[in-house]
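There's a structure below that I have some questions on.
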């Protein structure tokens, strides 16, 4: 298959986005719009659960929000003043519809819906214990252990059960739940994944990124704090602190690629962060060239920054086809060799005879870089210099991002010089870890004693124990995760 | 309906793209890819006809190429070494499937398929004459008159019949036909619409723009000349000149908006032309400002040019949602007011407190401009200056572009100052006609005695007689065109 | 494919049913119901055209009426007080949607829609002449020649043009047309195919069989006469006689199999005719047996007649699965051998140890008979005697029925004894031609000098010249018919 | 909606059919065929689970078997040598896909799939207890309590857990399970619902009725006994007797209506039983008449019996439309009044002027009887006598059949004379309870001390305690069943 999927094959993928709204006359419609704005965090499935004061209404679907939650007939069935929603990656096929979130369960106290961005690192251990107790799992998601831990908890109220359950799990999570006429948001104590609080009229909103506030005309109130539990109910917004405080370790890759450029997360504009990374990169790894060309679309802000700092002109030397998201047949080798051109085309007149600096955000396996550089060379580039707005991605993520196994990561296998050769660049440079920290306004760079961010994919410094992976006899966490991402 | 259609509501729309290939082992697949690259010229329907030496195979569909021509099963049915295809606008609904091109008819000499980009200006007159003779029309397209004129022609060969028919029609056309194991391309004598010739291996290709050559790895050979007929057959490429020569009047709006930026048409890179228009615009209408922001995506090249010439930084101050092409429900006024944000979001941190220059390619009705400027103001812009990379659009097009009636065009109703007020800009400027001509490498500007381009939408100077419109008793050409665009 | 299609593979198939209604507030809904009742005459495509006093509304679809014309949204678009409709066979695939009737064309006098049951025997000759004149055919149906003959006719009114056209065609036809606010019905001068006139309230109805009157609560008025043209308009029902009178030759197979048992056609109850054939058959070909078993469902009335006359008990020894119309995969030979059981199952307790008389309506290729007899033997029948309620089918039909080529007809290849052996029956008997005529109330049997019915499929006596087939140089009528049935 | 659903509105509905096969090379295809043959037991949803020695493959779908399990692509995914399947009724809509069986759960010992025909009468009580223990239910089916009881059982093996669970449930059940490379069948100790054992080649089969053996060419081995558990595994067929023996109480309504006429259940041919009921009915309630007409299709065998015994001719006086299973719009009262004719049409020539005996199998609410009798009268019947081949249906079923509340049953509200008047019959008679027992070969009639069948719907004698219904505080079993039938 030749694909024009807007997300390149060779990217890390954020695995989920979450959204919740309380006290809105159009809660389901608002949730659908919010999820549409968060679509970049998960394109393969979506779900919304609403509560109308009496009943819960549930709709899950494989595919994008716009394909499944845009019709009046669907929205009309999702009655109620409170709604939570989720977008995620999932393998294709009907059988995994059961993995689409929000999960829903009937408790003694009534219905309970749960949406999760992140990944639990002791889910397998907990699942085995729960199965031994007689619990039956309806999905293969890690998230479901939270629901069973709540069902088997001693204490009574939803909040108490949820806290009791979360104290037993390890991992990264930004959760939004709907129960007992409350919308509940929680971030794990390190705050690895984002979660923000907003307000529109008399309605309160929780969501992964501020761009989901913008789309519904809501104003940004503040980030939910690491370890904080926010409860939205008829009396307003309540903040609980059920966990021991820890140092925050927000995922730095959210700034590099995951978050939308128009979002503000953890206090910084994503666009500006990216542009500053580009500027920093220009300072660290200057090169004599004629034109700065972004690899569209994620490389654009860094390329603008690189161009501004270097004084070399910025041009759209690679044009992206707008008609995306489709796959095309690949009948023969002849067609297969067309490769990357389905989604990108070189703008030959900007490239021919020139020394080109390509700016991209990351290299994972290197497959796309090879094709892009080859395309640019065929269009007549005299030199091709690759500049990457992240450090080398050398380790897998276990906190809610889909990464290939370490062995597949180009930066794990090769030195930077070898990588340059492999992808066919005349030169290749990555931003340094300290340069990256500076760009996100840590002027001293990384504090190695007490790092300010989670940067495990670059450094291998995992701030949360990887219990499933590291416990002998607990078997392959990778297999489990293959089916069960949150 | 809130829409995220990639083409803004307030744009003129190119009505068709055409593609043909001869002597290719994967002719249908290649045609599907070519049409995918031409998708911006018509998103609402597509069709492909192939010939396998014995039989014709026909597939028409409402919707985009990627949705209808990407599966192996569809392509496998379209057997043959020769294929022609078409993308177009069409009103919705099953009943107009009969208007989807390529048109197909059985002649005495065998099958004949025809794809048309452009619009005939005496189609209604001819249709009435043909109906009186007993001809039955199967579609409401203007294109079908060509087929009936061929059927009732005296002479025998396909080429002769086609020339005899074309000598009777007035209008703009770039045609591709398939008959008698030939692919035939023709441009009208003024060359209003583009048509280019390419080559990949032993296969020859005709298509609307060079970007459709790039996607299949074909090389650009040359533009088909105005009034030229190109025949592709088993002995190669043949050129005929069946019409009296006239001055060429290529559509200048192709450079401003219609063509893809990575295309080369009539000898110029579209991207470079747009950038030069932006530079010219900066010279003509400078303004003291802090940031140059393109209205995505069509405003980007001109904004880069404007920024380069003015020295003011270029920033992505408006972010576009990638997940496009869908419509969302609009349950209440509350949701309706969200308006433009479904597809665009202001990047507040680039805008707040700044004097902003917005660069866009055109203003048709002004509806989008109002919303964009309002969005930018809400994001905190101190001043908003609008710069447009075309002259005021004050006249309708009758040569294959979908324009509102003259009465709906903002530039027809208002002066530039009134327009600025209407859209809410602190200042508004358009490129001058001469500035535009200079940007497309006519250093002396427009030659009013013998204009180098068709610019009727700006000047009202229509180079081809509008017979249907102007002939009393011939009735409403507007009604006819409403159903029958080519 | 294993099929549970309600019509057996080994049946002749009526190729079309037609329906028209004038002056009804729910014309499209009524037409959909009428076509549903005529579904047995054509399951593969359906179409309805309505007229609302100003505009025509057209809907064509592949598949059954219930699947395509049962929703409010479809019916609501088919506005108007007059409607005509058609059900037909058609080869599968989108490309032949253009062959679905009613055909529609724009004439100088306005729109014209035409639905045809029957087959023209000089359509190819006429088509070639029309193509030479410059007519372009939009379908491959024989019916379309009538439309072009009308378009190129000298005279002006719809009726005049239609008569002029029909005087030039040979063949069998029951036509219903919609034009100039009239619904027009015509039967060919021999009256080969049925057409009846009915009335419900102030609305007049024309349709193939009276069962389509029953479903809408209409009363049967009379058969349209051979050679008669009926016009329904705002002033009522008008009868014209534009052709020279001829002896009527109604298709006798309509009584045997095509028509629904609850219909009355040409003055006789179909059910009673079938029962009388069974009684006649019992008299002609008695056999000593224990049980009379119909081959469901078409054999039931004749089996009841046979049982009544013979005094042997009638039992449902073969049970039909209600869940029909689907195809099942056939992954292996093992599954393939299940064969006929998908739609039929032997009722073993009625068969085991018994001498069985199976009653069926016809044998075409014999393929189903072989399977049925084998199934009955496996269920333990001691003897199996086959009795057929038609004479041997030894000739192809060219008047609107889908028959295999003569060479494939079992009765063409074999004697009755050989047929018995081939299908595995202990004995086999067909009703005689004279017995058949007696059963349809011709007490003297067939009048060979002036036969009362068309029985060409049994006798080879073709009452209408087969011009396309018999004219040298006119090529293969079979090829033409393969695509173009009406 | 006007409906042509093959099952009349006014029938009781069997709620499920089950099928299992072990050791077959085409297990999924065989299961699909078996379910197709059982389609009359549940048309609204279907599911198949297979096991390939390592993995389970699951496919659930709303709709009929032929629509969802007939394509090669679906069957190819259902890999394995063992398969179980289920057809059922279900309310419409996506959200209840989770209720489609076979249910599937991951146990410590591996996967477990369960298909259930019947209904548990203490499911609500058990569900509440399980929820209090922390069990989370994924469906609203009664069947799921069995799965949770197994999960929370003390003992280890699948068989032990299943027996432990079943000892806690009350109700009617024929279950088929798939686990640990075994297919397991169980009937409740009274044997209320049917389950038969068959064999084809080296494969063993379990299914609801013998017609599902016929379709795959399998031979009938024997009924599974009440209270028996059958295990099919690689070493063959094993029989267990885990329950205390009880008197068998097979559902007598299976003979009257539910089972297919070509099935043999509990030792009797269904067709013959129905015919004998008709004969008994003729003896009990003779009437002077001209013609015996079955209400199609379920009334046919009893009508044949009635005709044979009475000597009055049997005729198809009501014709059924083959094109069934669709709904038609109902735009106006005018159309609504067409009523029953969409699926049935009177065969006027068999009815006019005659004294008619209509034979039907049951009267539930009486709505269809009213319409049928009215239709027959409109067709000219002189007298209409209704004969019913079951006793009056006066009580609801709680053992797996969908019955209206008692208050809606015509026989609960009215005497027989009142019923006759209500439906408009000149006379009305039902078979007596003893006559019914005689027809199923109990020559002494019903043994009231120890009834041989479950006949609660006629007598109110419920052989299994209705715990959910009768326990105060356990709330409305009716509400529960409304969503959760098995």
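Should a chain be cited, it is by its letter among A, B, C and D, assigned in written order, with residues numbered from 1 in that chain.
In the analysis below, a contact is a pair of C-beta atoms (placed from the backbone, for glycine too) under 8 Å apart; a residue touches a chain by one contact, two chains touch by 3 or more.
Remember, predicted model here, so these are calculated numbers, not experimental data.
Novice: To get from chain A to chain C along touching chains, fewest steps?
Specialist: Each step joins two touching chains, and the minimum needed here is 2.
Novice: Looking at CA centres, what chain is most distant from chain B?
Specialist: Chain D.
Novice: For the chain pairs C-D and A-D, which is connected through the larger number of C-beta pairs in contact?
Specialist: Looking at contacts between chains, C-D has the larger number.
Novice: For chain B and chain D, what's the span in angstrom between their mean Cα positions?
Specialist: 62
Novice: From the C-alpha centre of chain C to that of chain D, how far is it in Å?
Specialist: Using C-alpha averages as centres, the distance is 37 Å.
Novice: I'd like to verify one number: the distance from the centre of chain A to the centre of chain D, where each centre is the average of its C-alpha atoms, in whole angstrom.
Specialist: 50
Novice: Which positions in chain B are in touch with at least two other chains?
Specialist: none
Novice: Can you list the residues on chain D that touch chain A in the complex?
Specialist: On the chain D side, the touching residues are 57-60, 94-95, 97-98, 105-108, 131-138, 147-148, 151-153.
Novice: Enumerate the contact residues on chain D facing chain C in the complex.
Specialist: Where chain D meets chain C, its residues are 4, 6, 25-26, 29-30, 32-33, 36-37, 39-40, 43, 64-67, 70-72, 75, 211, 214-217, 260-262, 264, 269, 271-272, 297, 300-301, 304, 308, 313-316, 319, 321-329, 331-332, 334-335, 337-338, 341-342, 345-350.
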